[in-house]
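The structure's right below; bear with me while I get my questions together.
Just so it is clear, A, B and C label the chains in written order, and each chain counts residues from 1 on its own.
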Amino acid sequence: MMDSPVVEVEGLHFSRGEKEIFRGIDLQIPRGGITAIMGPSGTGKTTLLKLIGGQLVPDGGRVVIDGQDVHALSRRDLFRLRRRMGMLFQSGALFSDLNVFENVAFPLRVHTDLPETMIRDLALMKLQAVGLRGARELMPAELSGGMARRVALARAIALDPELVLYDEPFVGQDPISKGVLVQLIKRLNEALGLTSIVVSHDIQETLSIADYVYVIADGQVMAHGTPDSLDIDEDPRVSQFIHGEPDGPVPFHYPADDFFNDILGLEVQS
Amino acid sequence: MMGQLRGLGRRGCDVLEALGRSGLFLGQSMLGVPSREGWSLWVRQMHFVGVLSLAIVLVSGLFIGMVLALQGYTILVDFGAEQALGQMVALSLLRELSPVVAALLFAGRAGSALTAEIGLMKATEQLTSMEMIGVDPLRRVVAPRLWAGFVALPLLTVGFSVIGVYGGYLVGVEWLGVFEGSYWSNMQASVGFVEDIGNGLVKSLVFALVVTWIAVFQGYDLVPTSEGISRATTRTVVYSSLAVLGLDFVLTALMFGGFS
Amino acid sequence: MRRSKTMELGVGVFMLAGILGLLFLGLRVSGLTFDMPGDTFRLEANFANIGSLKPRARVTMAGVTVGRVTAIELDSEWYDARVVLELDAGLEDQLPRDTTASILTAGLLGEQYIGLSVGGDPETLGNGDTIRDTQSAIVLEELIQQFVSNMVND
């Protein structure tokens, strides 16, 4: 672990409509490592990434990246800051009107004045790193889900960012693709000296590469620590999540009236 | 009663808020500095909303001109005034039918497609990822489409008028036997370049702005689900048709109503 | 890249066609001409009643269009209508001073226009001169009224 954290989240509050999603979250993402943010589905992990990326504005608290308060920045400064970040979306989010090569070249074209040959070399390097140099002429619609995510990864690292955010990189992938992505995230992190934030609920894959883990549930940080220390944590909710038990402190049932009364159509005083 | 009143107030606030948001949206996208590839993006959109809409606009224009001549002839011939056919066809086309019908066709053909396209880009997180790459989608995605629509519709309207006048000529002169010279000379005597052609063009510029604006904003603002996209597409067509017809009345009153 | 080339060509042709279409509308449909303003000269004529004469109406001689009405206003001295005509420059200093201007109707219900018929005066009309001899529009209601009162008198 290195000196000052790259991303600091302090007392973050956020609610969507009536529903409170975060009730005071504190996170510190150390420089140069892979930090995993885990938690059951629906706890707002993707929302957290969007808050860090400055796409959503919190109700309270702040997000500081490299000493800059993300939500106090002007639109122009925010876009400048984002050039130093890469984000891998759950769906890949490739531009459907551009082919694979143009997708990877896109950030280079819009943010640099490099000559065409250099853009070509850089884009091909990134594609080579994810093993899809041969697929450069394909359109996004022709790619499998795993390939699309790898192309999106190549695009996310096209500008050699300092910080890469991964939104559910393993979800919906077959075991081989999962293995490939785990390898890629780890290798890229080491080779490029990135700081990575991985948001996921795939426990095995995430724990195998993470240096530090935050577990979020109920709008709060439930536990944090290195993967080894986390398993023995005594918090029942965390251990339920880590061990993948179907019911426990995190309930199997969505909050509802008493089943018996509901079935019989009895009025319930609420 | 109080509840209904409050509901009405809330609806009113929602409408005002949406108007404000869409106004900001329009300003930010049209006034922003174009991106470096702005030109080629604009050309691509011009091709999509302009060139590809040409066929439907021209075919409709031809038929409308022909119908106008046929209907006008049967009425005018009762007064022995069939030599005024050219004047009737040209004035109805230039002042009313070309701007309005072309705008309605444009809303159906290009507007709905723009909404669906941008909506799908939003649903598949392409807009969000563009923002994360540090590119403003308002400039990159929205602005070229707005400008393309703004330029394309007036050109389509001109095409509609030209082919409509020609359609009227086909039916009136070639088929019904109106004297060719009086078809054109009556037209030329009564059509003013500024007051008729110019005002028609101003109308179609206004319609172009409004229709493209509605289409693009509905796409950008929709709920990113398949249901949301289909609703927004419908809304685009409905709102822009209503806006075109309503604005047409206002503009006609201002231009030809004699309140100056 | 080939696709974008053909696309650019298509857009270029589209825009050119639009501009040509506008030109067609201007020249063929509205009868716009690119005559220099110096190619015309002005005459004025006062009428007791102009009927429904409008600006831009034709001015003809022997059925040939030789100019247009540019302005119509009320002459507050005589309370009649002053009509400003713009005629082809070729007629400047050619028309005799006693030329008659009359408001005519094309067909029974057609538009109204001004017809000029020449007299025999050796002096001619120049730029800005006034045509003295005018004949007002025939107003259908007045005609009928005259006809009816004549019938009663008989």
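We adopt the following convention: a residue touches a chain if its C-beta (ideal position, glycine included) is under 8 Å from a C-beta of that chain, and two chains touch if they have at least 3 such contacts.
Worth saying up front: this structure is predicted, and the values here are computed from it rather than measured.
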item	value
Most distant chain from chain B, judged by the mean position of its C-alpha atoms	A
Centrality ranking, top chain (CA atoms only)	B
Intercentroid distance (Cα basis), chain B paired with chain A, Å	43
Centroid spacing, where centroids are CA-atom means, of chain A and chain C in whole angstrom	76
Whole-Å gap between the CA centroids of chain B and chain C	35
In chain A, residues with contacts to at least two other chains	none
Contacts with two or more other chains, residues of chain B listed in rising order	none
Residues of chain C defined as touching chain B within the complex	4, 7-8, 10-11, 14-15, 17-18, 21-22, 24-26, 28-32, 56-58, 107-111
Chain B - residues contacting chain C, complex	40, 43-44, 46-47, 50-51, 54, 79-81, 83-84, 90, 94, 151-152, 154-156, 158-159, 161-162, 165, 184-185, 187-193, 196-197, 201
Residues on chain A engaged by chain B in the complex (per definition of touch)	50, 53, 55, 75, 79-80, 82-83, 85-87, 89-91, 93-96, 106-107, 109-111, 152, 155
Chain A-touching residues of chain B, taken from the complex the two chains share	35-37, 120-121, 124-126, 128-136, 140
